[in-house]
Amino acid sequence: MLLKNNIPVSYVFGKIKFELLFVALYASSISIIHDNYDLQIGIPIAVPMIVGTAISLLLGFRSNQAYDRWWEARIIWGAIVNDSRTFSRQILTFIKDPEYSVEINIFQEKWIKRQMGWNYCLGQSLRDKDPDEGLNKYLTKHDMVFINHHDNKPNALLQLHALDLKYALERGWINEYQQVKMDSIITRLCDSMGKCERIKKTVFPTTYTMYIHFSIYFFMLQLPFCLLQYFGVFQIPFTIAIAAAFFLIDKMAVHLQDPFENKPTDTPVTSIARTIEVNLRQMLDDKEIPEYKASQTHFYQL
Amino acid sequence: MLLKNNIPVSYVFGKIKFELLFVALYASSISIIHDNYDLQIGIPIAVPMIVGTAISLLLGFRSNQAYDRWWEARIIWGAIVNDSRTFSRQILTFIKDPEYSVEINIFQEKWIKRQMGWNYCLGQSLRDKDPDEGLNKYLTKHDMVFINHHDNKPNALLQLHALDLKYALERGWINEYQQVKMDSIITRLCDSMGKCERIKKTVFPTTYTMYIHFSIYFFMLQLPFCLLQYFGVFQIPFTIAIAAAFFLIDKMAVHLQDPFENKPTDTPVTSIARTIEVNLRQMLDDKEIPEYKASQTHFYQL
Amino acid sequence: MLLKNNIPVSYVFGKIKFELLFVALYASSISIIHDNYDLQIGIPIAVPMIVGTAISLLLGFRSNQAYDRWWEARIIWGAIVNDSRTFSRQILTFIKDPEYSVEINIFQEKWIKRQMGWNYCLGQSLRDKDPDEGLNKYLTKHDMVFINHHDNKPNALLQLHALDLKYALERGWINEYQQVKMDSIITRLCDSMGKCERIKKTVFPTTYTMYIHFSIYFFMLQLPFCLLQYFGVFQIPFTIAIAAAFFLIDKMAVHLQDPFENKPTDTPVTSIARTIEVNLRQMLDDKEIPEYKASQTHFYQL
Amino acid sequence: MLLKNNIPVSYVFGKIKFELLFVALYASSISIIHDNYDLQIGIPIAVPMIVGTAISLLLGFRSNQAYDRWWEARIIWGAIVNDSRTFSRQILTFIKDPEYSVEINIFQEKWIKRQMGWNYCLGQSLRDKDPDEGLNKYLTKHDMVFINHHDNKPNALLQLHALDLKYALERGWINEYQQVKMDSIITRLCDSMGKCERIKKTVFPTTYTMYIHFSIYFFMLQLPFCLLQYFGVFQIPFTIAIAAAFFLIDKMAVHLQDPFENKPTDTPVTSIARTIEVNLRQMLDDKEIPEYKASQTHFYQL
Amino acid sequence: MLLKNNIPVSYVFGKIKFELLFVALYASSISIIHDNYDLQIGIPIAVPMIVGTAISLLLGFRSNQAYDRWWEARIIWGAIVNDSRTFSRQILTFIKDPEYSVEINIFQEKWIKRQMGWNYCLGQSLRDKDPDEGLNKYLTKHDMVFINHHDNKPNALLQLHALDLKYALERGWINEYQQVKMDSIITRLCDSMGKCERIKKTVFPTTYTMYIHFSIYFFMLQLPFCLLQYFGVFQIPFTIAIAAAFFLIDKMAVHLQDPFENKPTDTPVTSIARTIEVNLRQMLDDKEIPEYKASQTHFYQL
């Protein structure tokens, strides 16, 4: 997630530097040709404006859909925060433990720590990083072995949650309604996981991307011929500025639409997982400070 | 689903080749007539722009609705992924099996395999292919016979799920709350199935499609007369390029709005069903590799 | 619902024939007056374009809202399909019937047939047709008498469903959780019914309809004066074509926004009810073919 | 709710009569000054069109949000209809009454009548009218006393519902699952009530209203100078017509966005409450005709 | 929340005073240079209109998303109102208390008061104010100590709610279904809290903000050159008015998108919390008047 301030100009324009270079060269050469060879074509501005209609339609459409994907990703991770807290609250308050036994206490702590680990694990696997990395701080050895042969590690962890639920029911620590209720929270976590995978794996309709590029270039190629008659050689900065505006809107959408790519515009899954850890540790009365460090620069947070 | 790269140009323009041919012929003949017969009509660009307002309105509207249908289809299949995992998790952790009996083990495996089969079956029937094809790898003979006389095979499979649920309750393997809870997941699968059928069977309001074609042709027919005065014979490529932009946006929407038609822009139901199979097999501790192969080329996935 | 092809041109333009006749007469008389009396007013196209902004805003707004109503109506009927299947599945698999008694079998069949009838009944009452017509094939005499004195027949049928649920609980055929669960499905059917009534009874804000007509006419009245200077007498077909585009978009929205009016653009409630009947009969192992015939022409389905 | 036809012209233009008067005076005086003093400023139409961009953006935005509020209000009241029916159905079919005792019968009737009263009470309190008026026909004396010292009468009625639920459980008339289920319906009614209050109490961002007025006036003040050069003194009706179009769109949004203000554009809460009463009375087998009369004129319904 | 009337002009324009000052200086200096040095550049209005397309696209996009955030925040707080009422209703009517014991009475009051406190606590922590302030009026000493070492105080209060639920179950005051049901309401409160945090912590994509500023300035810098040719020195007020329109739309969106910043455009969390307190106290039959005072001026409410 980009932070509010201090975004370096180099970051912003770095994303479109090849496009701008091309536009600058193109506009300059038109001016040079015009001055030297007495080029005659002057296009009235109304002509590129026809294409402009198509561009604004496509860019508006795309920005909205990209934003929706980005915002949905954030909503899903917000739901993960809520469900992690709810799940831990239920672990702590549903389990009958009249004698404050050590066994149950360890069981609860193991369970909640697995939930902490799940968040990191999901975040890492969405970003195509090693999903196991650092998990041994949150999982028991038995759990680590269990998830080892699974491709989908977060799903395996949810299965472990459900097995613990079964165990707790068999031991009489929770009643039958509570099992069903807590399983609902596991189901919600499973839904959130699946939704992230959906956003991750579904390519935004590729042809739109192509049409937008095609339209912007077609539009931009006409611009110098339109502006030359009014601005002479000053058409070059004008053409660059106008082209930059459209390219930037397009690039922003491209970045927003894929929020799990380990880029500065990502949903900040690592810092969200860290927030959850802090909350759960305090619910557990555990004073330790989380070891994970969300990579954060002065202008973004992951 | 189209993949991110390598979409062949022939695919993109193949979809509008007849339209472009017509535009090319039309624009050329206008130029020929103009040069030979001294045609006088020059239309100011503002005139087609009035129709352009209607076109942009209609195309924007249509693109949004088509995208919504496509995205909803993907969301539904995402929900099917989640519910398949949840259902299998519940089969494995709700059923009481203190003695690790072989009977229950077989029962669980049969149940989860039926869920694997359901996904393929639904995908195939949505694409108007034989819904039974290949199902015998996932279903018992008894199940195959049962669904035989049903028109709606996936619905019949859900009925079998529910009958197994009843059986498990009668045998005392699950309790009454668990039955009701697992039936909720069957209900969610039933809802997802019905939603797919809704998208499949509901024709996008046909008259909009007609108005858009009518408007684009009306617009395009005026174009050469507008551009002739500025570009002479170069109006031909300009007319083609502008017409192509509008035709492509329209075609893209037409393809997106029907996501179960066995086309490259489809929701990739076969590969999603395969992903589910992999997950469920690992939950079952089954090392077999799925036999289904999603047909996939270098630029799309079904 | 309009089908994909073969929509007769007479249907499309029949909806705006009076508007087009008026425009044709108006545009012709302007040309006649102009030719005979040397009319001077030539309006620059930019003037009607100001009104065009308002029109496109209003038409875009209206098309979206009308489509949303139409699509919501279809979604509701999709939910009715799903809930009918779920309800029948629960009737067949929740009821305890260890001895395969005839009494229970008849009870189940009566119940599911009532659900078949409910769909037709709701569809007919939404279309202001006799809601009772043909219901005697699905309901017992007792049920027919019960709903007789009710204004809202579908609601009365849901009450009968709930009374049967009570009866089944009292007889010990279902347990207490199942009653509550099946009552949830009745509640969902009740919600769907209420949503249809909401769409049926809520008039789209009438004043918008008036403003759109006012704006389109105001716009159209200026058109001949704009086009005369460029096209002479050919302004007449141009004016008609442009006016037709706007009138058609408006009319389409008018038709979409009221989807229960017994018109070709309706939600096809009768054929949906028939689909449900086929599904439920197969779940009941009943080989009869539904008697209802959805009225269907070559270009639409009701 | 405005009905479909017969909306008097005086109603429509009555809403913007001061604005139109001002525009008429302004446009006339510009014409007079122009004719007498040889005013020189002729503004090209492109200049006000820049402001037109801002206006159309703001009006489109505002119309959509206002419509959403209005439609959401209608959806909420639709949900109230559904939940009232569901609640009454549950009262009639959940309560165990093997001996058809008079006590239970009176209890059920009292309960359902309170629900009838709740709808009127909520409607009246949303419209800032006396929420108690006419409630004595639906509530017992005890209930009237109970709600007397509450500021939020509908909330107090829900508390009475919940107390009756407790009473029914204590008497063994309903079981524990049914209590929890029926409490869910009370929760849904409570949610609907809160949603209405939210719409009622949340002012649409005031500054948007101001910017729109500011923009429309700024736009309109330039119009006569643009139109004078083409139409001479006929610019006056043109200016009025164009200004009227924008003012009307704005006013319509203003009215839609506050649907509980006792105005003709309101959500018709009284007639909805009456519809519910008719339904519930028939479910109770009560032949009485509701006494409430929704105030209705020939063009609207409250 | 801004109230309907009496918003001081100084408030509205105060937000863009630096921008307007800059525009005024710039436009004036162009006029001065033009008059003194015979500046030649006259830009046709069509040129800035190209940028205008990008601006209107971006501003429309941004206004919609900002409004959605603001409206979602209000919806969440509406849900908090509803859930607080529901939770209190359940506390009062679920708990079995046949002997009207003082112990239970105190327990109920303590619980409901904690819910009153929770609302203030959440509101204060969202606004980055001291979340503990004034809470001692609603919480027992024990509760105050418990939340002391938690970073996330509202979450700690929900944990206390859940512990009380466990206590009530252990004492036999509520049954097992009621525990699970009431825990669902705590879960909903937890969800609402998490949603507020999501809106609070998620920065609106920063780059959009930058592009909009860049575009508006680029547009505005061209304006004087366009208007000079028509209005001479009067271009200065025109330029200022047009620039003000765009800057204001942008600023409004900036304010709406962050609704928990202790600003006049905030969601009025304090007065909502106060409304809840009044409702809950009346449900408790407590005649005390809430002590909290929402800070309110003549034009806004917090």
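A, B, C, D and E label the chains in the order they appear, each numbered from 1.
What we mean here is this: a residue touches a chain if its C-beta (ideal position, glycine included) is under 8 Å from a C-beta of that chain, and two chains touch if they have at least 3 such contacts.
What you see is a predicted model, and the numbers here were worked out from it, not measured in a lab.
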Inter-chain centre distance, chain B versus chain D - centres from mean C-alpha coordinates, in Å: 39
Rounded Å distance between chain C and chain D, as computed from the means of their C-alpha atoms: 24
Where chain E touches two or more other chains, by residue: 46, 49, 60, 177
Pairwise touch network: line, ring, star, complete, or other: ring
Cyclic chain order - from chain C, heading first toward chain D: C, D, E, A, B
Chain B to chain C touching residues, read off their complex: 41, 43-44, 46-47, 49-51, 53-54, 57-58, 60-61, 65, 149-152, 155-156, 158-159, 162-163, 165-166, 170, 176-177, 179-180, 183-184, 186-187, 190-191, 193-195, 197-198, 202-203, 205-208, 210-211, 214-215, 218
Chain E - residues contacting chain D, complex: 1-4, 7, 12, 45-46, 48-49, 52, 55-56, 59-60, 63-64, 67, 70-71, 74-75, 78-79, 81-82, 85-86, 89-90, 92-94, 96, 98, 175, 177-178, 181, 227, 230-231, 238, 241-242, 245-246, 248-249, 252, 256, 265, 278-279, 282-283
